[in-house]
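In the part that follows, the structures are each spelled out as structure tokens.
Two complexes follow with chain A in common, the first pairing it with chain B and the second with chain C.
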Partner chain A sequence: MNKGTYDAVVIGGGMSGLTAAITLCDAGKTVAVISKGDPVCCLSTGCVDILNSTDEPFDGISSLPFGHPYGLVEQDLIIEACEHFMETAARGSLPYAGSIHKNRHLITPIGMKKTTCLVPKTMEHANCDENEGIHIVSFRGLKDFFPSYIMLQYSNTGCSIFDASVSSTIGIAERFEDERFRETFADWLSRQHIPEGKIAIPAVLGIRSSFSIYKELSQRTGRTFFEIPTLPPSLPGIRLFKCMKQAFLARGGHLYWGSEIASVEKLGAIIEGVTLKNPGRVGRVQGRAFILASGSFISGGLFARMDSVQETVFGLPVYYPENRSGWFKDSFFSRGHQIEKAGVEVDSSFRPLADAPFKNLFICGSIMARSEVMKYGCGHGLAIATGYAAARSCEGFVR
Partner chain B sequence: MNLDFQHCIRCTICLENCPVFRVNSDFPGPKQSGPDSQRFRCDGETPVDHWITLCSQCRRCEIACPYGVNPAEIILREQLDYGKKHYRPLVSRLFSRVYYLGNLISLIAPVANRLVSVKIVRRLMAFTGISDYLKLPPYRFHAMKRSWRWKGSHKSKRKVAFFYGCYLNYNRPDIGRKIRDLFASAGFRVVLPGQVCCGLPALGNGDLAAARRLAGRNVSILEEYIDRGFDILYSCTSCGLMLTQCYPGILDMEGGKKIAENTYNIHEYLLKLMDEGLLNLIFESVTEKAAYHIPCHLKALGIGYPGAMLLERIPGLEITVMDDLCCGLAGTYGLRKKNQDTSYRLGIIAARALRDTGASYIITDCATCRLQLSQLSGMPARDPAEILFESLKGSVNMKRKKKL
Partner chain C sequence: MNVKDVIIIGGGSTGCGIARDLALRGISHCLIEKNDFAAGATGACHGLLHSGGRYAVADTDAAAECIAENRILSRIGRKCVEQTGGLFVRLPGDSKKYRDAFLKGCERLGIETEVLSPTRALELVPSLNPALEEAVRVPDCSIDPFRLCMLNIVSSKARGGEIFTHHEVINIIKERGRCVGVKLKEKLSSSIKEIRGKVIVNAAGAWAQRIAILAGSSLPMTLSKGSLVVTNHRLSNMVINRLRPPSDGDIIVPNEAVCLAGTTSVAVDSPDNLEVTSGEVETVAWEAASMVPEFEDVRLIRTYAGVRALLNSESLDGRQISRSFQIIDHKNGLFSIIGGKLSTYRLMAEKLCDAVMRHLDLKRACLTAEKPLEGQEELRGYPLSDRLESLKDIICECELVRRSDVERVIQRISPKHIGDIQHRTRLGMGPCQGGFCTYRALGVMQETGKVSPEESIEILKEFLQRRFKGIRPVLWGDQLREEQLIEYIYLGILSMESY
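Right, the complex of A and B next:
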């Protein structure tokens, strides 16, 4: 065998792929991650939804319909996976708060509430009731953040606007990485005579060191803050992705970023390697086992034709509702479009089901059939749980 | 017109990754400069969006975009069109000719090196539009092109031609010669083909015609070597990007595809030989902690980061790989006064992150990254090839029996 062969090659650098990759690194395996681009995590709130359709997500999992991929992960393993995630994030200076037994409700930029479970510590105090005094601090020119909408929902709310001389979330977040800017901001804040209660701020407290910036600001002003996630570009989502990616690198993993899979090299039921589509020469990555975490339609793991759905890397059989006319509900915003059920069906070892075409291929994340991430509100949670479990199964195989 | 921009779903992922957008609010970022504006651009029209020249062509947007849109290339085409239809400032003209300048300066190296430290010369440079916050690297008279042109046996079946590029040529020929010697001692026939600048500085400074002229000369020379069974090697990641992506891509050179298919990064090549069991490198162990910075253009090459992947095999060398930093200098971009502030700010961000790793030095493949990062962090910055030689101490062992 080629000496450069990895124990495991993960295709897709999203929450599920990186979780699987980190788990395998922790088990002492050599791992490569190939991704054609950044994952949907970057567009998310950075909060981990476990199961939003109930108030007690962990208990709710057991009442999901038969065939939901959560059902493939043993209960103990789900707890272990979440603990592993919390630990990884904390080691990457992005500590999370919350428990998988209880959901939380966060304020959104338009004043509505969002149900979620595990939140970055900068949002730990975002559970507010309607009569609680909140003061919103926003920034001049900031788009996609609407203090007035929030004030309509929360009676006791005030608002102040700071001029950061830039108006994009990313631009402001970069400023917060600078100590002098933080000083100026804290001074300004202390001059605002904000009434008692929590202070809400759009999620712009830094890119790389959000938690330490948050802590420093709280200490400097003696106030309780919480961040409100914004529309994309969403800093908490970016932070989570970068934290996971850096955690993988710190464990000695190798990244091949920006390349799509061009072809698959197989020998019978064993995948030996994949080639990478590059403008120049095609690259080649070989592995003893492969994990497919290429996401759903939005990331291109699945592709819909007029009358069928395809899996784009290995051409695996895909489950999808038969009749195209039944794929969508009438309203775009209604939950539970049938097409959300599309995906790759797997067995209890996370290998593709049916005629199990490959022995060394494992599947995880939103590409799994019947995951219905939007309907149940289980995006990152399912990615973490199945990523962890698939990695465990893969570890057994490459041992 | 290229219609790839229509695949854009406006997700803003490219924007999240644009270093310039982070620190310079005059630049609207890759989404707006690329696919968003492209819908309104027509062939034959004079471009008016002058802010497109603020893009440093780091290509991070392209690597991040999951939908196959290439904002960097859309912007580059627009920059070139802009350069063609507007007056190009003196500094752009100078920088698109760095190769010829380098030629000249290296001839009078000892004098020139002293001149740039004279105040009045520095003032003059600033007046021309050259930024002044960095100390420029000294030039060498004994350039690569004045070195011994070949090494290793005539009869060897394994043949490589080393495209050393301008920086090793004029500024660090010592590293270049060591690379040549390393391959020779591994049993290769190594040649240093006659070559000119890869053309990137011309491209980055809005001069497509000059870039194509330079590329044309390189293609015709390198093609001949390929036909004679040579593989082409590069060490500078920006040269690599030109040879493997821009020649067949935006420059659309005849023969470009052939160059791309036969050209390798030196570390990628060594790794490949080692993994195929054809080469055995025996490293001496060290006790060191280094931070490896992935240059933007290496990222864009899509080959991982072979320099670090190779050095990781040195026992006792602890490497922290940093993936998300842009040094900000981007070739000649940060050397222009108008980009100085952007470049400096990005450099400081990267330097701080590298210092925070607790490493004692920085390793990175790109010479301009090293220039910027070492000066702004106060840490030494080294080429991976330098570390490689040190830990090899001459023990290169090529298995001669197997065929390549």
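Right, the complex of A and C next:
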């Protein structure tokens, strides 16, 4: 074996890829992650959907249709994966709240309810009923957040606007990282007349230290806060991604960021290495096993041509609904478009199905066939469960 | 009581042109449009200001009208006409005979042509199919249909014309067998108004038959749907036509930052609820790709469909003024105008107004061909340099529209619909097709109190569904990727479906 050959090379630095990578690091393996860009996680609410189509997500998993990738992960392993995630996040100063046995409902920026399961602690108190007194604190000029939509649904709502002299969520979050700004903000807040019980704030409480900022603000003002996740770019999603990436690096993992796979070196049914398109320092990365976690269409793991769907790194066979005119339903507001079923089919060890050519390749995350992440509301949950399980399978292979 | 000389129904190019013509002749009038200006065929068309070349062989009347109007509009409407020039390209296998007839026809009609070698054509438009045999240059232009309508309305309003957009004519008031007024319904509030007039002009395009029926008249029409696709960038700076008898998918027109390609022609029963099929998209993209090969891979950002209305020929009985459009005096105070083109809208308006003047027994000459369109100076658009100045204020990233642009439109016209803002700022016209910015623009709109928060969500939902319909046929490649993102934002993050 060559020097500089990793035990495992993960392609795709999203929730599934990073989960797999961290799991393998924890098992003492040497791991590299190659990713062409930021994952979908950065656009997400940062909340972990396990299964939104039911109230009790863990129980609901067993009644998913045959062929859903959750079905490949043993029940115990799903629990283990979630515990592993909660632990990783807490160690990265981004503690999560919630249990995989019960879903919760968050207020969305238009005052509707979003079902989800595990939430960052800054959103722990977001379960509200329509009559509860809520006070919204927003920021002047904020692009994607309009308190009146929430006030319409929650009748006992008040609102105050703070001028942070920046108007993007990221800009405001950056300011919250500064202690003096936090002081000014807390002083201002104490001067507002706020009869309502809870304070809702768009998710801008910092980038790196959200939980400690949240705690400090609660202590300074003596109030109960919760964050409302906003549209992309979304701070809670970015925090989650940064936390996972940091966890991987802290465990000695190697990151090749901004690199796309240019070509694959193979010997028979074994992948030996990949060459990177933007080589930077290293042009080739070799591994004993490979994990493909390159995501679905949004991330480019899958690509739809006019009449077919392709897997973009290895050219693996892809399952997809045949007739393009049936890919999407007529209504924008109905979930469950057929095209969501597209993806790579795998066997119980997370390897591409039967006639697929490679023995040391494992698949996880939203690139898996029939995952229908939108329909079932299982984005990060499925990524975490399959990332964890695929890593276990891969670990057995490289042992 | 509100009494006008003329009530115009329809705010497409025809209706708006008539409003201006009447205004310049000093005739009191109002115009009623059930949506926004250019909501019908006008807004769904290619935006090609024809040189006449397309009709030079088979329909010389239409061709003569086109070249004459092309020159007039180039003069009076500098700011909404882009002098792109056009090419008719002959590909291997296209008939040489047709090309000869084409050149002869153009010469007879006075349409300037220049025959170009493949090398010269490729210099002008590098994206052309390099296998072309030759190209003929003609004075085709690109015209912005929405601006055109608005500029015509400027003249009307300045002279007391009353304009009701988002008002639908739901009935025609008749007394002793004559049409004496209309009943209109405000779309959002459903409140009803009545307006009286001496003459009612039916410029409702594909909906004209329905208006005629309300008036107790008949107007048998045949409807034909045409679909086109929009690319996410300009593949050509000139209009590209195929040098062969007119058929499906043989025109590509540059417009602002994009290109439009089309069209198809499919018989339909109703002008509402138009669907663009995947098959139509493939036909158009395939035909366009034979002229500009990049069409095979280019990102299509949406589809549109419009309906052409043709009068059934047996009902013409000699009253036609030109073969390309028809004016019908229903002899009960209602005049209908059917057919024609965007390119000849001014001529159509002139002829119709002449007929109305005769009916009213008034003699005032048409001035629309001489007087430049008013208000063009303000319609400079939003030049890139201006827009880059305050990037931090941008709410539409694709087209660089600022919050202040949106606020200005809101102040000026009190819009009730997102389309009112889109057409005036290009908000939402880029690759994401309003997926991101519409929510923001509506948020700003309800903040100003022009619509309530509930209304703005209703408008947004309606917009998203309409948008989806236009995009669904082109969902593959990058457009599919973007669509999944938008779906996740509205359903996954906002839970909009439960509203």
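Going forward, the second predicted complex is superposed on the first by the 393 of 399 C-alpha atoms of A that agree within 3 Å, B and C clash if a C-alpha of one lies under 4 Å from a C-alpha of the other, contacts with A are read in each partner's own complex, and residues count from 1 in each chain.
Following the convention adopted for this analysis, contacts are C-beta pairs under 8 Å (C-beta built on N, C-alpha and C of every residue); 3 or more make two chains touch, one makes a residue touch a chain.
Everything quoted here is computed from the prediction, not taken from an experiment.
In the superposition on chain A, contact is made by A:Leu276 with chain B only, not with chain C. Look at A:Ser167: by the touch rule set out above, it reaches both chain B and chain C.
Of the two partner chains placed by the overlay, neither chain B nor chain C lies in contact with A:Trp188. Within the superposed three-chain model, A:Gly300 lies in touch with chain B and with chain C [touch as defined at top].
Look at A:Trp257: by the touch rule set out above, it reaches chain B but stays clear of chain C. In the overlay built on the shared chain, the residue A:Lys36 is in contact with chain B alone; chain C does not reach it. In the superposed pair of complexes, A:Pro232 makes contact with chain B and with chain C alike.
Of the two partner chains placed by the overlay, only chain C lies in contact with A:Pro109; chain B stays clear of it. The contact surfaces that chain B and chain C form on chain A in the two complexes overlap at residues 43, 167-168, 232, 300. By the touch criterion given at the top, residues 43-45, 108-110, 112-115, 141, 143-144, 146, 148-149, 151-152, 167-168, 229, 231-232, 234, 296-298, 300, 303-306, 324-325, 327-328, 330-335, 337, 339, 374, 377, 379 of chain A touch chain C in their complex. Looking at the complex, you find that chain B touches chain A at residues 11-13, 15-17, 21-23, 25, 62-68, 243-245, 248-249, 260-264, 271-272, 274-277, 299-305, 309, 312, 320-324, 349, 353. Against chain B, the residues of chain A that register as touching in their complex are 2-5, 32, 36-39, 42-43, 165-168, 170-171, 174, 177, 207-208, 232-233, 238, 242, 245-246, 249-250, 252, 254-260, 276, 278-281, 283, 299-300. For chain C in complex with chain A, the residues that touch the partner chain are 277-278, 282, 392, 395, 403, 436, 439-440, 443, 446-447, 453-454, 457, 461, 464-465, 467-469, 472, 475-477, 480-481, 483-485, 487-499.
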